[in-house]
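Take a look at the structures below.
Two complexes, one shared chain (chain A), two partners (chain B, chain C).
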Partner chain A sequence: MSTSTLSRPRPENLRKPTSRTRSNLSGWGFATPFLVFFLVFLVWPILYGFYMSLTGKSLTGANDNLIGFANYAEALADADMWRSLGNTLYFTVISTVPLVLVALVMAALLNIGLPAQWLWRLSYFAPYLLASTVVSLFFTWMYNPQLGLINEFLTGLGLPRVAWLNDPNVAMWAIVIATLWWTVGFNFLLYLAAMQNIPAQHYEAASLDGAGAWRQFFSITLPQLTPTTVMIVLLQILASLKIFDQVYQMTAGGPGGSTRPVVQYIFETGFTGYRLGYSAAISYIFFGLIVVISVMQFVITRRRSA
Partner chain B sequence: MKQFESLTGKQLSRRQLMTGSALLGGGLLAAGLTGCGGAAQAAAVQDIGFWHLLSGGDGIKMQAMINAANQANPGFKVHPTVLAWGPPYYTKLAMASAGGRPPEVAIMHASRVPGYAPGGLIEPWDLDLLAENGVTASDFAPRIWEKSQYNGKVFSIALDSHPFVMFYNTDIAGKAGVLAANGQLQEVSSPDEFKAMALEMQKVTKAHGLSFGYLGSGSQMWRLFYTLYKQHGVDMELTPGQPMKVEREAAIESLEFMASLFDDTIAAQAGDISTGIAEFARGGSGMLFSGVWELPTMKNAGIPVDAATIPTLYGTPASYADSHSFVLPRQLKLNEDKRRDVYKFVTDVLKGSLSWAEAGHIPGYQPVVQSQAYRELTPQIHYANAADIIAYDPESWFSGSGSDWQTYFAENVQNVLLGRDKAAAGWDAFEQRTNTILSRPNPV
Partner chain C sequence: MAIPTLTRPAASTTTGDSLKIRQPRKKLTVGRIAAITVAALIAVLWLIPFAWATATAFKTETDAAAPDVTWLPPSGFTTDAFVKVFQDGNIPLWTWNSLYTSAAITAITLVISALVAYALSRIDFKGKKVLMTVIIASIIIPPPVLIIPLFYQMLALNLIDTSWAIILPQVIHPAMVFVLKKFFDQIPRELEEAAVMDGASRLRIFTQIILPLSRPILAAVAIFVFIGAWNNFLWPFIATNDGNLLTLPVGLQTIKSAYGIQYAQNMASALLAALPLIVVFLFFQRQIIKGVATTGLAGT
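After this line comes the complex of A and B, so read on.
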């Protein structure tokens, strides 16, 4: 974006100041509807949320007074906050890796020239269009320990039944599998588009030099995909950190709080537990964490591209 | 587009069309606004908003009672809104009250009132107005009336009490030889006697003696636990700023007994609520611990079913229960006429709550319970004595049916019931969790 503005010729400087002011005005005019929404629904809630985190505000209107950073101190000593934050990070790690790798494999398979490309593209991407509620319902049924499709299949193979959503050791993985099926199509599409943009002469030259298919994949395809991979990982981490819907609908944070993400904890403290001020403080701690991760990514990607 | 063309007789420019639609939209809006105002001014029929969380078999009964009340009272029309049971319902009710747009009347579990009354989310009932409609304190059993009060004011009017009871299959019990002479289940008075009886039934079913599904449901685990705990003749108190007052030994003994039931012989080791209900309904076990609200399911299943309160195993008869109660959410601007209609509606429903008893619940309104028609309802009459021994959740802003506190109970205790954790460890963790909540600022 910045490069395009710099390289553009600058006829504006030649115009009279009045016409420039006028075009500025109409620019603001066009931006106003967006700005109004931006201020009312984003900037103001962010500022007000921060103010709220410094108060003891509750849903019932009690303890409205300022209490400084007491909420933050309490949150940092709250074992359940740390546990739910840990769950969110755990989910982010174990979901981002397959969501990137599986998408890459799927795109690579399709790119080697399977017949009926549109059908594959459609079937890989279609789940992404479903609402989270629909996906959760599908998988809740399939994971049902007694009647579910998956356990039916397992017992057919002579394997033991798995209490998918009721076993604290398995539940998070079950949610990752559901999420993978649901959202991998988006990453797949980005990868596929990037692969189809790699110039064919690279492969031609490589095969003339005697490089095999694997060699070409690792030495041409993967390096050429680097910017796309960086972007996908970045988007995926941010998307995974927001995890709430599937968990709330499939396990409600259970069993034993083993899948409760921090967003759900914020929701519970604020809305079912009434403590709006305290839950605002937790969300600011979470916000801080996201900022740190984003800055880290920014630094890493800048170093790589420099 | 076509309409506009025919109206003006010529092609419209884009600008004209937009102006036209804006006018039309504004006109509709204005019409809508005056429409609302007009209806209220005419006061022909008052619209009463009513929220509840009854979506099962009892939801159908509730709808019938609402229809009956609407028909008997041409002056108002009650519009029910059914929301999902548990935290979603209570979250929305609190938000609506806090935001000043609540329904005129709502159902609330009596155990949740301490979380709503102190913050002013609900308003007390006017006893004089209730009496005008023919309902007074003497129409309720003492324990239930006591529960309807908070700080000396009546905040909830109990439609029912719904205890946690024991259903049993008379056919299986008969074959196992555990029926008494009167055709009802023989009395047992200790944990060992109970287990022996369950084992007899297991020999008949070849599957399990008892069904009790609990996986993933803190409410369900809590119902049985609190029944057994209160049977020890002990109390539990939750006072903000203090550690919880509890008899630790009794709690651990109750948990250990529960865990000992899930040995895959007496009862299935792991199963959720619906698995337990399904097992009992198809004759896979002789007994089921469940809320009374499952009665219609059992009757429809076509099994010979009877019911009783949960046997007294630790000396003191006790039965976990809660009450579906009517509450008045705080109104931003109180409409006195509507308030009067709400009193009429609620008292009408109370008086017609015999059909509510058919759904399994014990009506709160005593004239119904004492009626001949109720006495003829079986098996309801076999557990009607529960109203005298019911135990509500310990009072606090965070306890009660469908509260997060019950979820915390499951988080710490489920592994005990699954045999993966010691009862003492599970209980201590839950107690610690509770003490953490108690040590925090009270938001109501």
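After this line comes the complex of A and C, so read on.
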């Protein structure tokens, strides 16, 4: 294979006759370890998952036969599937807004130049370091209708007790509050880093023009943060769509299925109902939804920046 | 979406806190007092769950379950709950399981991601564009979608109820490959040219020139991957039934049913589980914050 390169009279090629081949070899050589894991634990399961979704496969071993798109047809007519998908979307909408806004407020407050920066950062960010199970234990305890700290506080103010995790109208909001406490620190850090990257000259010029702190925030900080905000919103939507841990641990999807997200429905059909094929089909419907949302986001952000 | 500290790799090895405040001294105006008040209010709200869990964990079970909700228990504080949790709980075992699986996941991720990122950044090889596109496109795949086929695959490979079932599927972080590649791209090529002249191999250039210059980004990726692995719940929950292999987050889920209404013990367990990362954070706050901020936008 080196003959073709040798026939060309370029001096470098004469000196290193096989440099192309060697580049190809070392390129793929460096990529191989990653590729092996990538193919075995990502590409293969994605493809195999699709195949499974076309079978009646179950954990009990019955019916491995291909059954076409029957699982998809069943899922699309499955009210529980739609309800869980709806719960996931509902959670995504009502969690993304506070998770972005509160993060922005936290970062803006710190960016003013408060003393003892580490203390604020520690308190806002520390919950992010906790496992979901720890968060769920903390909040299940605080939400306890009789013995919980939150209801104690409410009754102290003369307000009625709330059933929090046991009230179908409130449970999802209780999950949102716990999630806000848990993960807002991450968005806060991204905002803080972006704010501190805004050149100081912008502010100096503005204060020479007599712009106050509020003016500066709305006419300099916010516009400069636009790309960061777009990224944080996109990442938050994708993260919220994957909701499972907190719900499973705090309400197990209840009361009456009012908080059960689609990931939990996938989990239950697969591991409690033993219907792997059906569960794989729902996974793919969920995946399709995420792809559609991502593409929409991509198109919207493209148009904005164009 | 370039991130501040990483635009100049050579410099960032020595710079300190990227998140330094702009003007350290300012006059106390009404606005600043208001800002401090609001910031403090949020901080208190954010610390209450920790404080309440701590207060509960140091109560007797009777006081914890008493209908009078109080911060100061009538029978005083006690470490009974912690002693009890240590006696019949598995927290040390779960902590160890979390530690070594997370360490293995982090190590494997770093090695394989840095290697492929170097190839994508520096080596001209056939199919590179396709590879790059495939890796970037795979960022979109949400892990929960994979649980069903992965579980079946682990059954087939006979890995269910081994630590490998927890570790192996968690080492693929396409976004981190991208983060590393972007960093390598910014390292000046002149640094390598002398070594190329001397006939050094690619691997030598990678290990002796590129990697030492990349310490900050490697640390950032390591921190990000480690925190994610340490706290991951869904996959380890599915991959193991063996009580001896449970990780901390999964183990904690089992105590809820085991202890039931033992509130003090529940909180003591949760605090013990939270402790390792919080302590690490107290010591390496600066690095962790920088690491999360630099990888964050590309990550998840």
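Here, the second predicted complex is superposed on the first by the 288 of 306 C-alpha atoms of A that agree within 3 Å, B and C clash if a C-alpha of one lies under 4 Å from a C-alpha of the other, contacts with A are read in each partner's own complex, and residues count from 1 in each chain.
Just so we're on the same page, a contact is a pair of C-beta atoms (placed from the backbone, for glycine too) under 8 Å apart; a residue touches a chain by one contact, two chains touch by 3 or more.
Just so you know, these numbers come straight off a predicted model, no measurement behind them.
When the two complexes are overlaid on their common chain A, residue A:196 makes contact with chain C while staying clear of chain B.
By the document's definition of touching, of the two partners only chain C reaches A:123; chain B does not. Which of chain B and chain C touches more residues of chain A: that partner is C.
By the touch criterion stated above, A:225 is placed in contact with neither chain B nor chain C. Of the two partner chains placed by the overlay, only chain C lies in contact with A:213; chain B stays clear of it. In the superposition on chain A, contact of A:271 is made with both chain B and chain C.
In the overlay built on the shared chain, the residue A:146 is in contact with chain B and with chain C.
Once the two complexes are laid over each other on the shared chain, residue contacts for A:85 go to neither chain B nor chain C.
When the two structures are aligned on the shared chain, A:104 is found in touch with neither chain B nor chain C.
Residues 146, 271 of chain A lie at the contact with chain B in one complex and at the contact with chain C in the other. Of all residues in chain A, only 23-31, 33-35, 37-38, 40-46, 48-49, 52, 57, 102, 105-106, 109-114, 117-134, 137-142, 146-149, 152, 181, 186, 189-190, 192-193, 196-197, 200, 203, 213, 227-228, 231-232, 235, 238-239, 241-242, 244-245, 249, 263, 266-267, 270-271, 276, 279-280, 283-284, 286-287, 290-291, 294 touch chain C in the complex they form. Every residue of chain A that touches chain B in the complex is listed here, in rising order: 56, 58-63, 74, 78-79, 145-146, 163, 165-166, 168, 251-257, 268, 271-275, 278.
Contacts from chain C toward chain A in the complex involve residues 1, 3-4, 18-24, 26, 31-32, 35-36, 38-39, 42-43, 46-50, 52-53, 56, 64-67, 69, 108, 111-113, 115-116, 118-120, 123-128, 131, 135, 138, 140-153, 168-169, 171-172, 174, 177, 202, 206, 227, 230-231, 233-234, 238, 248-250, 252-253, 256, 263, 266-267, 269-270, 273-274, 277-278, 281-282, 285, 289, 292-294, 296-297, 300. Residue ranges of chain B in contact with chain A, taken from their complex: 87, 90-91, 94-95, 98, 115-116, 118-121, 215-216, 270-272, 275, 397-398, 403-404, 407, 410-412, 414-415, 436, 440-444.
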